[in-house]
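Okay, here's the structure, questions in a sec.
Note that the chains take the letters A, B and C in the order they are written out, and that residue 1 is the start of every chain.
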Amino acid sequence: MSNQKVDVWVGLFVMLGIVALLFLALRAGNLSSFSLADTYAVQARFDNIGGLKVRAPVKSAGVVVGRVADIRFDDQTYKAVVTVNLERNFEFPADTSASILTSGLLGEQFIGLDAGGEDRMLVAGDDITLTQSAIILEQLISQFLYGSAEREGAVD
Amino acid sequence: MAPQYNGVMNFSSPAAAERESDPSDPNVLLSFDRVTLGYGDFVVLADLSLQIKAGEVVALMGGSGSGKTTLMRAATGQLSPQAGVVSVFGQSIVGLGGAGLQSLRQRMGVLFQHGALFTDLNVFENVAFPLREHTTLSEAELTHKVLETLDAVGLKAAAHLKLSAISGGMARRVALARAVVREPELVFYDEPFAGLDPISMGVTARLIRRLSDRLGCASVLITHDVAESFAIADTVYLVGQGELKAHGSPATLGESNDPYVRQFLDGAPDGPVAFDYPVTPDFERWAAYKGVGP
Amino acid sequence: MNALAAVGRFTLEKLVVLGQLARFFGMLVTRLGIVVKRPRLVIQQVHFIGNYSLLIILVSGLFVGFVLGLQGYYTLNRYGSEEALGLLVALSLVRELGPVVTALLFAGRAGTSLTAEIGLMKAGEQLSAMEVMAVDPIRRVLVPRFLGGIIAMPILAAVFSMMGILGGWFVGVILIGIDTGAFWSQMQNGVDVFNDVLNGVIKSVVFGVAVTLIALFEGWHCRPTPEGVSRATTRTVVAGSLVVLGLDFVLTAIMFSH
């Protein structure tokens, strides 16, 4: 086979490989939801982050506005310190609250932001003070059992 | 003055005899100085000395397993001698590695026993291979050189053919062309006549002589074909039973009375090379197991 | 006592082979420069190794995707989670099946042909001929094939995964009727580019190195007889496959344990 023909076929082969990789990264993976936009970092402390992972989405009104950048443990206050990168073109009031929510019943956990009402906006390095920890299923069940046991007793 | 059979053939004067044993003589392209060749404990050739000069056609002869191919491998540096010095173009090839060995090898050509052509290339590309690897000729110059060489072996019009389309004799000639395309100073032909029909044999023999005369190179024929090689060789070396048995011009060997030489040249079934394989203890054990007498 | 001696001898033999393999790898690595001087040789090998494997990879990927879609659906359906089929198919392929199955097919198709080719070149004295022509056969013949295999493997694995996902989509969405939006969105939410896709690519590169190395090694050291070549090709497939599976376990443990 002539050299040019081989080059063409190999070129096509490599192209196919690039297409496959792009497909996997963009259509199958979550690369498309990576915004290359500028971000600013904000911190939030939680009693319990549940199953929250780094790179989990941060949503407000159901729309992704940022990503979890870092999760640390503060051994002075015994709380989880979550650093969040928010897209620069989204500004949130300083009294915005952050909750750890679950998508669906058993899905991945993400941070939901509820915008507050203050005039002052969050800037890089600020802390979100109002936080709601993740709902731990076991605690929920034990609360339910304890609660229903109490009621049983009361009905009696 | 009677010729001296001391390892080097010399027709003429004692002065020439002095010159023969000097490996730094620029005319001596290949010299073996008391070389012992073997694999591990198995010694193939012991204490061998020979010299080959430019323009000579030398036939290295011997029966199967006599060590002819081993000799060639020592000359190309593929096998290290267990003793002695092998010199090529005046340089010792023993222990030489890397660039030094490569530059010596570029001045040699080798025709392998079965051609050893590259099966993924066609006739033209096979002959062009050494040029592509080692020279920076333009495509036009390269094509010209390759076709010229193919023409010398009579296969110019076969340049486009795939290897699967050519006969054994033609393949041998293509391999010959590849061996000489860079006009080497020393060419080895490993069993060039083996398995060829009489016509191809004659063609090959004449080609070897013609190329040797034209290029002025030294040609070493490793063969057991008496008729063809005697027709074109200047000097014959006969090896057997681990040593150099005889050497001289074809005529001299033809007149020799040495029993080994006679058996070889006459093709007698029995003589110094016995017909019957010798009985060994292993065989006696096997015969007893089989229930037959030795 | 004989059994113990046999085990000892066996282990020793394997260690010797391992040492030879390491030395062989070193020989190849020190001659990688050929790709800069003669890129055409590498390109040709990418063609012979990669393009000629494309058909089996495309078809196998598609059918593995079909089966994943079908079996995945049956299993997820019992827990009412059919919408997660896209995620199941994609993760299975990208993390494991893509690199591993491609490597196994590669060992069988490309590995054996490399071994046989080198072995037959050796038997036909072609490598010896190159040596006396002052051409380094390792540089000229082995290294281009080594690089060709390393380049081709990740491409083939990515193509396999892509075909598998499309196959799973076809079965799940077109044939069975799962919502296409759920299929893709669940997948995109769950497949991480760095953790999953990139790790899969790294795996396929490692497998490519291992399988190609073994294939070339067996061909280079095989006995130049028909039986020798046949044994060598068998060893390429068996050893290559086992090494791939073993490496997969090690890599998975390293990459995917949190």
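By our rule, a contact is a pair of C-beta atoms (placed from the backbone, for glycine too) under 8 Å apart; a residue touches a chain by one contact, two chains touch by 3 or more.
Note that the structure is predicted; figures quoted are calculated from it, not measured.
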- Task: Please work out which of A-C and B-C is bridged by more C-beta pairs in contact, and write that pair.
- Result: A-C
- With centres defined as the mean of C-alpha atoms, identify the chain lying farthest from chain A. B
- Rounded to the nearest Å, the gap between Cα centres of chain A and chain B is 78
- Express in whole angstrom the distance between the two chain centres, defined as the mean CA positions of chain A and chain C. 35
- Query: In whole angstrom, what separates the CA-based centres of chain B and chain C?
  - Reply: 45
- Residue ranges of chain B in contact with chain C within the complex: 76, 78, 101-103, 105-106, 108, 110, 112-114, 116-119, 129-130, 133-134
- Message: With touch defined as at the start, can you tell me which chain C residues reach chain A in the complex?
- Response: 40, 43-44, 46-47, 50-51, 54, 90, 94, 152, 154-156, 158-159, 161-162, 165, 184, 187-193, 196-197, 200-201
- Note which residues of chain A are touching chain C in the complex, please. 1, 3, 6-7, 9-10, 12-14, 16-17, 19-21, 23-25, 27-34, 55, 103, 108
- Task: State the interface residues of chain C toward chain B in the complex, per the touch definition above.
- Result: 120-121, 124-126, 128-129, 131-135, 140
